[in-house]
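Chains: A, B, C and D, in written order; residue numbering restarts at 1 for each.
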Amino acid sequence: MKPLLYAEKVSFTYPQTQRSSGPLSLSLHQGESLLVYGPSGGGKSTLARCLAGLIPHLYHGQMNGDVWIGDRNTKEMQSWEIAREAGFVFQNPATQIVTSSVEDELLFGLENLGLPREEIKTRFDNVVDQFHLSSFLKRSPFTLSGGEQQKLSLAAIIAMHPSVLILDEPLSMLDSSAADEFINLLKEQQQEGTSLVFFEHRLPYLQDFPGLKRIPLGIASNDQPKSQITTAAHPKKVGAFSIHVQGLTVSFGKKKILDELNIEFEGGQLVALAGKNGSGKTTLLRSLAGLQPFEGTIRVIGNRQDESDFPQLNMVFQNPDTQLFNPTVREEILYKIQSPNQELYEWLIPALNLEKYQDTQPLLLSEGEKRRLALAIALMHPHKHGILLDEPSLGQDQMHKDLLIQLLKTISQMGYLVFYATHDIELAAKADRMILISEKGIIADEPTRNILLNKNAWQQAGLLLPHWISP
Amino acid sequence: MKKKYFSTFQLIILTLFSALIVAAKIALRLPIQLPGHSGIFWMAIIIVAARVVLKKGAATFVGIVSGIMAAFLGLGDFGYLDTFISYTAIGIGTELALLLLGNPENLVVATLAGIIGHFAKFLVKWAFGAITGAPLGFVALGLAKAMISYIVFGGLGGLLGGLTLLALKKAGFFAYLAEKK
Amino acid sequence: MKWKRRKLYISTDLEETSPLRKFDPRTKLFLSLCASVVVMLPLQRLFIFLGLYIIFIIWARLFSHFLKQMDKIKWILIILFLVDWLVVSLQLAAEVTLRLSVLTSVFTVLFATTTPSELGLALESLGFPYRFAFSINLAFQSLGMLEQEWQAIWEAQKSRGVLFDIMNFRTLFTKVGDLVSLTVPAIVLATKHAWVITESATARGFDSPMRKPFHQLSYSACDWVVSIISAGLVSMLILWR
Amino acid sequence: MSQSKRIILAVGLIIVLIGVVLGLESLRAKIIAKEQDVSLNPGDVPVYKDGELLAAINSADLADLQMVQFTDAEQGKVQEGWLIMDIMDKYFKAKLFPDSLQLVFSSSSRDKSIALTWDEIADPENMVMFDLSGRGTLKLVSKLEKLDVRDEWIQDVDRIEIIEP
């Protein structure tokens, strides 16, 4: 039987950065599912684009090898001809939306196929039924949750009846329950005969995906981190303190995002904040960072007498691109710091595995590297009490997540408070203490081990505790 | 198949830059009560747009799309028509200025292009006044003062655009861009 | 520098209850253009037009929008009227004030009763390329996201010690350099979004020569009637001696 | 074209634009000012000051003014007409003319002219007035010594010039 999708030693090299990916060879038959896995920076996204014909149609660079869809070489097809055969689901559900309503989003691809009106109508109705979208049709896709957006993106592609579906880390922005739901939708698609190619590093979610064939991506990541970070090397330790949050309330208009929260933190703790998207995680962090007007009190009580005011916590923002604009990584880290602590800098750079990038232009770093850079920026800035991190694991593979956790632990051991918000339960499970939050408020605030055993709390938070995470 | 004038990427970049201008105008308020101060970000972005998409018509396109948006959102003081035309005029003015002046990575060029582009908006407001017989916003302020303020903010915006381009270049933005069609 | 309170969605000025919602956007565009021509008429005819115009605006339930527009420029109207009256004549004062108020408000008929995507469809059917209509829609749907991004950038840079608070006319010149820390990330983020959207749109067949729109505008009998009547009125007002 | 030339050109362009705006704006101000002026019709007697047209005296407009008369000493005929001071009052309402202000009445067809001070005109005893001739033109007559014989009268006055001292 002829494969639907056939790739032979496909590799690609970017012209500017000279980063290269591949080679990858695979063949995919009707109803089959493949998983291409490997560390971040190994070129998964690039190869996914090669399979979907976005490379070479949208990218400059050197593509070797060939991809055939059916019996046609993608190099010889027009991009809309490829779109008819191969659907592509992107990593970030919010940014791949191209129209202003759910209805238009579903129609977009169908219109481009040039189908007759009746055919469009039929396919539209089918997909609305299948994905239970009828109550959403007039809504702006931006009012949907991340999980719903990713579902919509899938629906919009399925409506086009592609024979192959290529998925580029579709789970990385989703919380555990949304990820689980999305996987179930894909299982249904597979049963209906669609062939799938996953490029994903959140492997545990795909553990029980029926008939999934695994293809390891040959390239070993060439930025192996230093194995150990020691607290001894760190220049500075802080004295004991505690931060008291009392009656913290934040409202947008009439809607209360946070309602009368009471939390106490101690210096030296590593605390995770877990909850669904929209549960107020970011708002809580912003309040602690002093970026968000709020009612209630947040104050530090330290061992020194004068410390009874607002805490000094530096925030590491979710999207590192909101900060980067300097010519080199070094200048970026040291920007606007009056007298930088050289000792700290020397410690931080290898600890964050940024040594060889000091003279690189920040915009040319990979997503993971940029996140580490943002962390370096926050840590270099004078802060008394610690750091806050918003979704620090996005775009990081397992190895870098381990590195990150190791670093955060080190920082907390020096006496700082480290408080991070995440939807990644695996990452949350690495903290000493976890706070589970939902729209209704704090559901549980206990040592991580206890929370992982508390099934009831997870249910209340509306989150699925994946079975492979155990205390 | 016939090649489109703007590639899909260029079209979408210009579209998002147009929206970026309007978003800045909505989000950002300088504490200065002088006509035309929103021109700082406006001119900066439009000049960057013209450099990023190196094709004739880029600045005009940004002007038109942001003009339509501003009209829909009810921005501007003298109604939809005036708003639309003045945004469009900025686009065309900048376009023509850059056609004459060349690459806005030169800060003098960027500043002058900013002045000319922003002056085009002033001309529209002024012509709008002349058609109705009214000196419009210049009643209270005086024509010369209004003109100077437009020139200053246009120039500052152009300068910011030029500085932004230089910083983008140093930070590796154009290398990022060069990989995309 | 100040940021306005975080707004999640920026809505257009749409008036849902207006009977004009049902009309073809092309009709409304035509009406608005007609009205802006008539504005140049001499005073008596301008008065007749204004009478008809206000009746129309009230019927279209746009009177509050009209008042809102007037409210924005009320001081200018008052000053203009007084100055022109004292310096020149009552006639000129009336003429100028009326023209300005009408010109400021005529396009309410179009913009307050049409959604961006309807305008997109109208432009497409008037012969503008689909890409242009697509672009307008995309610009609108990206607005909320970009506004949040401006704010995120500002916060991120502020937390690094870039200060914009002491911004007055004099310090502005020295601060232009610091503003780069806002514009560069803003440009980078917008470009990255543009790229993802480009990929996403291309992967769903954007620019396919086969494209057929699903929603189509139709010029109804009502549209014809309104267009013809307004065209007739306008030519009557212009030609009448 | 070199970069510096382009820049100079652009600076020039900006200056020209500013000039055009300011120029047109002052022109527009003038046009508005002119709109309130009386236009000059055939038969009118224009009143100028510093070359600027201030008013146009039309004999038909004078009908509502009070007529005065005197008998001239030369031929004993009755001269009837409107006092110049009344006419001036009609056209330059509420304007106080200083006594030393000069009005020059001239006729191009007769090549005659005379300068009178406001002091002389404003004295009703002097009877400085316009007499409507049979041809419909205005004739300046007076009991003033320098203007009391036919030879000194200004027939067919077609220009009045106001001269400030």
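Quick notes on this one:
Just so it is clear, a contact is a pair of C-beta atoms (placed from the backbone, for glycine too) under 8 Å apart; a residue touches a chain by one contact, two chains touch by 3 or more.
Small disclaimer: the values here were computed from a predicted structure and weren't measured.
In this assembly, the chain whose C-alpha centre lies farthest from chain A is D.
Looking at which two chains touch through the most C-beta pairs, you get B-C. Averaging Cα coordinates per chain places chain B and chain D 53 Å apart.
Chain B and chain C have Cα centroids separated by 17 Å. Averaged C-alpha coordinates give centres for chain A and chain C that are 37 Å from one another.
Chain A has residues 57-58, 324-325, 363 in contact with two or more other chains. In chain B, 1, 8-9, 167, 171, 173, 176, 180 are the positions where the chain touches two or more neighbouring chains simultaneously. Residue positions of chain D in touch with at least two other chains are not found.
Within the complex formed with chain C, the chain B residues making contact are 1, 4, 6, 8-9, 11-20, 22-24, 26-32, 34, 40-41, 44-45, 48, 52, 65-66, 68-69, 71-74, 77-82, 84, 128, 131-137, 139-140, 156, 159-161, 163-164, 167-168, 171, 173, 176-177, 180. Partner chain A is touched in their complex by these residues of chain C: 6, 8-9, 116-117, 137-138, 140-141, 144-145, 149, 152-153, 155-157, 159-162, 180-181, 184-185, 188-189, 192-193, 196-215. Per the touch definition, chain A reaches chain C in the complex via residues 49, 52, 54, 57-58, 79-80, 83-84, 86-88, 90, 92, 94-101, 104, 107-117, 120-121, 140-143, 156-157, 160, 252, 289, 291, 314-315, 317, 319, 321-325, 335-337, 363, 377, 381.
In the complex of the two chains, the chain B residues touching chain A come out as 1, 8-9, 167, 170-173, 175-176, 178-181. Note for the complex: chain C touches chain B at residues 1-4, 7, 10, 12-13, 32, 36, 39-40, 69, 72-73, 75-76, 79-80, 83-84, 92, 95-97, 99-100, 103-108, 110-111, 116, 119, 131, 135-136, 138-140, 142-143, 146-147, 149-151, 167-169, 172-173, 176-177, 179-180, 183-184, 186-188, 190-191, 193-195, 197-198, 201-202, 206-207, 209.
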